[in-house]
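What follows is a structure written as structure tokens; I'll ask about it next.
Letters A, B, C and D mark the chains in the order given here, with residues in each chain numbered from 1 onward.
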Amino acid sequence: MKTPIPEYLVEVLDGTQDGGEVASYIPELARVNPDRLAAALCMSDGRLYTAGDADTRFTIQSISKPFVYALAVQELGLDEVLKRIGVEPSGETFNSASLDPHTQRPDNPMVNIGAIATHALVRPDATVAERVEHIRAGLSAFAGRELELDLNVCSSELETAFRNLSLAYLVRSVGGFEQDPRGIVEGYTHQCSLLVDARDLAVMAMTLANAGINPVAKERVVDEAVAQQVLSVMTTCGMYDATGDWMTQVGIPAKSGVGGGIIGALPGQVGAAVFSPRLDDVGNSVRGVQAFERFSKDMGMHLLKAPPLSRDVVRRAGVRESNHGPVHAIELQGPLRFSSTERVLRRLQDIPEDTHGVALDLTRVSSVDDVSRRMLMEGLRRLRLEGHPVYFVDPKSAIPDRDLGDGSYPTEAESLDELGLTGLA
Amino acid sequence: MKTPIPEYLVEVLDGTQDGGEVASYIPELARVNPDRLAAALCMSDGRLYTAGDADTRFTIQSISKPFVYALAVQELGLDEVLKRIGVEPSGETFNSASLDPHTQRPDNPMVNIGAIATHALVRPDATVAERVEHIRAGLSAFAGRELELDLNVCSSELETAFRNLSLAYLVRSVGGFEQDPRGIVEGYTHQCSLLVDARDLAVMAMTLANAGINPVAKERVVDEAVAQQVLSVMTTCGMYDATGDWMTQVGIPAKSGVGGGIIGALPGQVGAAVFSPRLDDVGNSVRGVQAFERFSKDMGMHLLKAPPLSRDVVRRAGVRESNHGPVHAIELQGPLRFSSTERVLRRLQDIPEDTHGVALDLTRVSSVDDVSRRMLMEGLRRLRLEGHPVYFVDPKSAIPDRDLGDGSYPTEAESLDELGLTGLA
Amino acid sequence: MKTPIPEYLVEVLDGTQDGGEVASYIPELARVNPDRLAAALCMSDGRLYTAGDADTRFTIQSISKPFVYALAVQELGLDEVLKRIGVEPSGETFNSASLDPHTQRPDNPMVNIGAIATHALVRPDATVAERVEHIRAGLSAFAGRELELDLNVCSSELETAFRNLSLAYLVRSVGGFEQDPRGIVEGYTHQCSLLVDARDLAVMAMTLANAGINPVAKERVVDEAVAQQVLSVMTTCGMYDATGDWMTQVGIPAKSGVGGGIIGALPGQVGAAVFSPRLDDVGNSVRGVQAFERFSKDMGMHLLKAPPLSRDVVRRAGVRESNHGPVHAIELQGPLRFSSTERVLRRLQDIPEDTHGVALDLTRVSSVDDVSRRMLMEGLRRLRLEGHPVYFVDPKSAIPDRDLGDGSYPTEAESLDELGLTGLA
Amino acid sequence: MKTPIPEYLVEVLDGTQDGGEVASYIPELARVNPDRLAAALCMSDGRLYTAGDADTRFTIQSISKPFVYALAVQELGLDEVLKRIGVEPSGETFNSASLDPHTQRPDNPMVNIGAIATHALVRPDATVAERVEHIRAGLSAFAGRELELDLNVCSSELETAFRNLSLAYLVRSVGGFEQDPRGIVEGYTHQCSLLVDARDLAVMAMTLANAGINPVAKERVVDEAVAQQVLSVMTTCGMYDATGDWMTQVGIPAKSGVGGGIIGALPGQVGAAVFSPRLDDVGNSVRGVQAFERFSKDMGMHLLKAPPLSRDVVRRAGVRESNHGPVHAIELQGPLRFSSTERVLRRLQDIPEDTHGVALDLTRVSSVDDVSRRMLMEGLRRLRLEGHPVYFVDPKSAIPDRDLGDGSYPTEAESLDELGLTGLA
């Protein structure tokens, strides 16, 4: 059998209608073949699916913004970065010369003025060449491949970088950075001219969606909190003036670039990229937007979509007789998060006082987050305080650390049967 | 054992520091006891946890906005509503007199001008009293309780509703609605004066997070797509000027009101509400914001947080000998969504050509979303086309409709054993 | 002989090219005959010249703004009015919903929001009908004729006055006035529907240009300082977004209305009006603008035009022998203002010490402003202090009050000859 | 006698109250002695009056803007300059980064972004040094003295010229000029660092007020139309955000600079300058504003002030008997402009048909503008056409060109008596 996913990607691309115009304000960009079309998906274990011209390289342009923001937050810490650059949607166009009137900060790192200020924060004391190399290396870590610069596009863009120079001098004038604005714009333009293909972008997006770990290389690029911060900013500011439309219709944290690329990153699930050079009025790839709308609809990937009803977290529960008296045995299944663990606690709360002990079977639990572990341990601690021995069946170590919070531990076993429990109520 | 969740809520409330001032622009609002403090959580099955003054009633104010928007979208359809009201963050204050210069629409339904326009869309041909009653009934369905109006606050607010009247006339002047603006503001003010407590708000929030079904009454209030639309708009526009800060720090779709309430709704998981009347500069409850920051951090509820690594969706796989030859048996576990099902497809793809058949065991699967069902059925269809019989063990009907897409069905069984498979590779 | 001025007016009108569209947002306005065309000039003594449809009546619309502002300043005093309404150009369109962010005042009385606020200041405690009647009477005094309302246009405009109601409620919400905004807009709409013809408007404009005195009726309507204030505001804010263009190209304080009228007022010289209903994009009469450009160019009426070089203020000067010794006799001519009087003082300063006395002959002086009178008297006082007797020939009382500032007076005479001076140096 | 004007200037300066702060954003500016205080008036014949530290030199800063604008309009023509820079008040602060959204032009040449764009228009193909020297020479012609640069202030300002560089790059990005923005800002900063004293500024202002002719050197610096254009723009845009206040209260076209200077120019009358370094919130000299308010009030110099009533332009009129029959003799006086000449035409119109001829005596006319000359000649031409001989007494050539428009001329005489007229009606 051949997996249908690549065919699905081809079908999605075929279903898009082209329109709009290739970005022309950078002369070299206007020379791109406007009919190139590609899509790529990267799964959390690094598996890649591609369709179309997935190895056609193009300049990353604004899609570099979230990744350089990630580097800045990783290196300086969030607090330092927030002193310089806000996180609010601006309601302005991407190249607007606006600073927050109260804080004098750029509104967010996804508009040009904020991205330029972000660029300046990375390795502030380095030379321009060093900073560019540092960023190139950083974005290469996100991509899992050594990225290269397109020096033609970079030169072409530098020739007409007047608007960006205006923005850089504006930030400089309010002390947003200390370096020479010309070097910052030179470096920023290099950053924008990194060559990527749809495959690279899908891996980069999945690295953000994967809590900062490159899913192919299995190496951490930024901390989990940094990846979450970047995805949050992409959620409210990623698609320029159309962010609200995007979040209602597509619902995937995303970023687009005038080179024609769009990335989307759904936490824990998928990194996606589409490439098609013609842009709509807002500056987003026309076919890229359509492809993502299809992804969101077909794959149920909208961030605000209510998940399907889970099977009850309690698979089975019953009283078994043990040598010491009746033991309440509860078999759990599926992922344990706050909302499912809360139900487990309710079951523990309802256990009759004359029960001797309580046994939890986690064999079929698929994942346990931190709050759930703490809630469960607290529940067991309380039961033990009330005199009930607690038993724990967790052969796959869904919860490796079973400290009940008071230094005591539940009695462990390989299976309920091993606990010597017999009979089912 | 007593569940620790109520104690946790008390601890969260105790940990907040008050500050700011009670809203005073509506005289009657200034008379509220500023020291009231409450929190409530509603789970997806309707279970409620509360702390503090959870039965103190206060006026809903702006928290009515997402719910009336939900009614409008439900009744008119999203397309009609989008013609009148946008979904973009405005970058302006909540009572700004701004319309989109191109479309003449209010930017979004969460700022006053958009909420007034939304109010007018509900039952457009009704009288003011009828529309108010209709909205009262609609929000009561969200709350699962017959809500009442605070006519004192309403009268007090109507006396100084000049700003809202200005906004209403502005919308009227561009044809945003056809009714008398005075009636619209009168109705809107009534809408804002609905009396709720923290408990009500938690249920209302959970109804949005629960795909539109009231979790207590188990009755659908709005369609799933409507609930998703409302949560999306709350994500980008819910917390006024501080939406970007909120989405990075808290990450829960939310809405606040000058009455001192804040709601948060995390799809599929929890509806939360906090009430404390003193407001910060932006108009959000000071203690409410702190409580939500704590919720987000403690409960891991940030929308952009990567979920913990799931246990592999394939619990076990192996070749069993059957009467007809070797059968590949795959036991699945946990939730099936695009990203996990994609892995199942990979396993199916890797099955050796000389395998006779394939058996899938869904006994331990906790949920299956639509795309996963279709992906799985397509994979099985292809295997059958290649000549492999396919077997299906799904005793709990995780996938009730097993049509392979071509009118054929897999062979079903209660268990792998029942299929007559023996031996494990 | 027939004066060529009426022919000139006809020639100016004939030379204009029509274009644009009649205002259509008020249905009744759209019914006006768009080909009507009129011009009128009013001289400082009330003499009128007209051309075209000078007795066609139309609604005054925004041209009422400066006159009602004049009434408000006259009645409340400038300081009170400035507390409520600014005098700065707004850089916004005429119906913009903007208040100064610091003062919460409308920017100026020439944009709608400021004009509505101004309307409310006139007779604040009166009923709507009383205020309308008061304004009607006030503008009638400017026109020198009892103006009437066009109730059809007024009703038509009231039906679609939503934008103005929005502005009125906005001003009301910040305390800009205390009355019911609906009554204010009702009254304002009545104010705008006063029927005038080009002749009326020329007289009204000349009343402002004539220091507040109606030149036909010879009756004061407002104080000189009030008229100056109104003309000043017209200078910087009168022509909406095109005020800068207007002041450079035309240079006459002006105001236009959507009814198709434009007035211009040049202090001390002329009041002008043109009427042609088709409007340009900014809302100014297309032919009206052209006619005023022609007026400005032909008549040299630009406010910033340097006046032609005057003949020297000192017509003749010389030493004459008198009984007591040589007397310096100076004959003045033309208007005495600061710049010409300064030259007289220089001549007085240069008088040799051995001169016995000084005689000033004002027979040919055309006017003397206040500062010139004081300068001249101060010069004479100083001469007398130095021991020089001073003589004054002023048979036409160019300076009626000849107190030298210290209670003394110059010796007066009908002519230099009468002073007994003989011979010319 | 000593003229009281210098004492008056001292009295005005003594009457001002200091306040505010010296501009500190340019370090070198902060070192100025904040207590320096000077005033100067320049009359239309170049006579200067000064008070206080009138020979203390300071950097011209923004006061250079109108003069460089004058140079640009003189050199390129108004149309070319208007393509690049508008003339509308901006409603923004002086250093706002705003361009007109439709035309992409800076709003006007008095805000920084417009002044920078203006600087670039002067000698566009020259080197930076050449352009600076050209501007230095041009402003020296306005001042009638070779001005020098303060290179310390210039260097100090260049170090922190980030904001201006931002503005320059913004204009460059929309094609407002073609040169390197760094050179333009370098040149602009040099332009701003020209050293002037109050005396210089008064002469420069008077040159604008004197139709472009330096009143001391008696040499034309720019055309009359250019001077009028500059004064017009100063009228609507000269005092930043406070232009409306200034035009109502002071009413003199003006420009201020952060160096502490303010100039005012009243066409045909006076150029004024005040210097006091401490600035108010808007950036205008605190004492300078007060001094100008006093000037305006004391000297009656408000642009919108109605002039005092002139003595009638017709001094005497009557019928004299001549050899050929009765001749209507009219003696005129004072200045002839449109409004006074219109009255003369009325008198000519009223002349009885049986009058033989008409004689005009212009001996006492102080000035005649172009429109008046043409009106008068047209009136005489018509009289002649009707058969009336016309006589002209104009011994001082108030109207040198007496062509009646049809190639004929009036009969000239030295006096009415010489015409052989006898007797007075």
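The definition used in the following text is that a contact is a pair of C-beta atoms (placed from the backbone, for glycine too) under 8 Å apart; a residue touches a chain by one contact, two chains touch by 3 or more.
Because the structure is a prediction, the values reported are computed rather than measured.
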Q.
Considering only chains that satisfy the touch condition with subunit A, which of them also satisfy it with subunit D?
A. none
(Q) Removing subunit C only, and moving nothing else, give me the connected sets of chains. (A) one piece
(Q) Please tell me the distance, in whole Å, between the geometric centres of subunit B and subunit C computed from their C-alpha atoms. (A) 64
Q) If you average the Cα atoms of subunit A and of subunit B to get two centres, how far apart are those centres in Å? A) 20
Q: State, to the nearest whole Å, the distance from the C-alpha centre of subunit B to the C-alpha centre of subunit D.
A: 67
**Q.** For subunit B, residues that touch 2 or more chains besides their own
**A.** none
**Q.** subunit B contact footprint on subunit C (complex, rising order)
**A.** 97, 160, 162-163, 165-170, 172-173, 181
Q. Can you list the residues on subunit A that touch subunit B in the complex?
A. 1-5, 43-45, 47, 86-92, 107-108, 209-211, 224, 227-229, 231-233, 235-237, 241-245, 247-248, 251, 253, 267-270, 298-311, 333-335, 337-339, 342-343, 345-346, 348-349, 351, 364-371, 375, 378-379, 382-383, 386, 388, 396, 398
